[in-house]
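Mind having a look at this structure? Questions to follow.
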Amino acid sequence: MSDQPIPLSGRILDIGVRFLPHLVLFAVIIGAWEISVATGLITSIIIPRPSAIWSAIVELYITEGTIYRHFFITLTEAVVGFAIGAGVAVSLAIASSLWDPFRRYVTPYAVVLNVTPGIALTPVIIAWFGYGMGSKIALAAIISFFPIFVNTLTGLVQVDEDREELFNSLGASNVQVFRKLRAPAALPLMFAGFKIGLTTALIGAVVAEFAQATDGVGVLMSRFSFQLNMAASLATLLSMTVIGLILFYSMEFLDDRIVFWRRESRRAAASRARARTWAAQAKK
Amino acid sequence: MVKHEQSMAAAGDVVVSGLNVGKTFAAGTVVALENANFDIKRGSFVSLVGPSGCGKSTLLRLVSGLIEPTSGEIEVHGTPVNGPRADISMMFQKATLLDWRTSLENVLLPTEINGTPSKADKNRALDLLKLVGLEDFAFSFPAQLSGGMQQRVALARLLQTGADILLLDEPFGALDEFTREHLNTELMRIVAEVRATAIFVTHNITEAIFLADQVVVMTSRPGRMAKIINVDLERPRPLSIQTSVEFNKLVEDVRETLGAV
Amino acid sequence: MAVQDATSEALVDTLERSLRNRRIAKHVGIFLTLTLLWELGSRMGWLDPLFYPRPSNIIRSFWLIYFQNANVWFHLYSTISLVILGWVLGSMLGIGLGALVGFNTVIRRFLKPYVIVLEATPRIAVAPLLIAALGFGVNSKLAIIMLVCFFAPFINTLSGVINVNEERLELFRSMRASKTQILRKLVLPDAIPVIMAGERLALTAALSGALVAEFIQRDKGIGSLILVYTRNLNMASAFACIFTLTIIGFLIFKGMEKLDHYIAYWKYEGGRERMSAKRKRTMVEP
């Protein structure tokens, strides 16, 4: 193994080689698809041609750029809804973990909330919050609440006997045990809950849009579908995928940074950072 | 080159033999084992002892047929080893029981793989569980058994096929000392009773000497057989023999060999 | 990579334990108190009936929809039958493809980017598209349900098939087991718990999928019923339907739990003991 850094050209070639088979497969699929529809093998009413989808994409994203407003509205609905749901869920979870009676009496209602399909509340939420973004955010918040609550609570309540013993032997107070042991230990599960919650928040936002809305990618997709403009509908679906990917990778990023001790690459980086801080402090 | 305390290939039935056996990994960059030569007589108990990386587990896997040597050859019962075979049975460090099967069903696993177990097979399995002292747990699931008990089930499974060559890869390494000592005694009793030939890998010097007729001391980087020490202590061996002078001389011998390289 | 939801079981466990501990009286007490306060507040005009339908009205609605008008049964049947059918078909497809992809490294590699994209997209969002493409009616509803409950079983089966314990594989190889034997005796039983977890998620998703389809189509089913009642501002009846779904959701939860205890028995102490006794009985008989 040479110690020389791999030249940039080599690296690009490397990445290229890895992606090439995928690109080829993709091209083949699109090609076969286009031909099937063009020759009438598949009816173009239900399944649009890739070229039609492409023109729709160009129109929505580039020429007229109508999609961006809706994109950001749905993204905002999902994120704000998630934030509210997460805020409430984490607070309740922390409270439940610290006060047993509270936990006991809140749990039945949390369980009821869990078993009920949150989607069922959509019409009610819209009746309560109106046709604007409020109802989307509300549904997103309600649906994302439970997974975050459950995961955070489980994370906070889980007990590592050895560690508890250590803290006891050091004479740590309850607050210290919470701050220095329970809370950090709960982070991995909390983030697992966040990931699920974020996904469900997006679903909530989109479904609420289906039911009643003027703006948002959900509405746009719905409208295009019922105009039988399948190509535009799929082009809009693409933006939903993008939202999903943005949300997922943002959470992954946060997870990686905050719960850094789980991945070797992050551990190494964090070690170096700590060493630097120490050295800097030692100089003073 | 291998140093022999005493030639192993004395008169008698040699059931496992290796000639210049070597194994490298990663296109030759990692030499796990080199130049291993051995002849193991029927009914003997051989321990392989050494630090991590000395190639003892590799050697065991080569004999079992799970991996192929890069150089040299291994023969069992006079035929070369080409892969796992019916006359060899192996036990691993983790009990590796299937948790959806009862103890009895776990013991029957090797028989099942070789065909449908007959009534005789089932009775044999029950007898083996009795032999390892677990007849009351024949219908228990692994999750209901302690680590030591699980290893005992694995031991019964090892014996189920009636193979006369038994390979054991640090089977008691994860257990506490008391359970380990107890199982060591049991193992010796059982191996003697079924008259099998055993090759036992461990990193515990006491265990290696206590169990064996011959101790193969292996050193690492690269993995080689450094010395073969005969253990002429009486059988059956009581635990108390571990405090005797002869025993401790042997321990010293092993340590010296390990330290010297 | 597997989608797990084991933590909510822990919560229900806590709940059940506290119920058993004679605290059930306290729970019931608190619940009744809250309900009475609510009722009182509503009668006094403090609580807007839009947001806080009167409990007595909700109870009356239950009576109406279940017994007097008995209109809920038809809709319940419509929703539940579609959910079950869609769940069975969708999850079977998911398991089948998951196993297929799991066994084939090449296919897996090529499918990976598409799976990532599929995972990020909210599957339920495709509902309007499917309805427009397949028309209003059972077909599109079924398609939506199948789509939403395909994914979790697919991912879980894939994961279960890939993540076989190395040591167990070595054990089987040392016993000269054939590929089929490894599949039948190791991979399959090992994957069962994960597959069951995926099935649970799929069933929950199927119910949500059905509801969304009904919201859009508005023809029949519990979802349509909720929509109609809400439109007419009959919040009491809407809530009665929502609580019906709570009951259904709870039954699904309990039902899947029982099924899991039966199929993946070795993960549960009760299941192990039950199986032990059963195996003992069948062995002892000549």
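A, B and C are the chain letters, set down in written order, and residue numbers restart from 1 in every chain.
Just so we're on the same page, a residue touches a chain if its C-beta (ideal position, glycine included) is under 8 Å from a C-beta of that chain, and two chains touch if they have at least 3 such contacts.
Source: prediction; values computed, not measured.
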item: Contact-richer chain pair [A-C vs B-C]; value: A-C
item: Chain whose Cα centroid lies at the greatest distance from that of chain C; value: B
item: Interchain centroid distance [CA atoms averaged], chain A/chain B, Å; value: 51
item: Cα-centroid distance, chain A relative to chain C, in whole angstrom; value: 21
item: Approximate Å spacing (C-alpha centroids) for the pair chain B, chain C; value: 49
item: Chain B to chain C touching residues, read off their complex; value: 64, 66, 83-86, 89-90, 92, 94, 96, 98-100, 102, 104-105, 109-110, 112-114, 122, 138-141, 143-144
item: Residues of chain C that touch chain A when the two form their complex; value: 5, 7-8, 10-12, 14-15, 18, 23, 26-27, 30-31, 50-51, 110, 113, 117, 119-122, 124-129, 131-134, 204, 207-208, 211-212, 215-216, 222-223, 226-227, 230-231, 233, 235, 238-239, 241-242, 245-246, 249-250, 252-253
item: List of chain A residues in touch with chain C within their complex; value: 21-22, 25, 45-47, 103-105, 107-108, 110-112, 114-124, 126-128, 146-147, 150-151, 153-154, 189, 193, 199, 202-203, 206-207, 210-211, 218, 221-222, 225-226, 228, 230, 233-234, 237, 240-241, 244-245, 247-248
item: Contact set on chain C toward chain B in their complex; value: 165, 167-168, 170-178, 181, 185-186, 189-190, 192, 265-266, 269, 272, 275-277, 279-280, 283
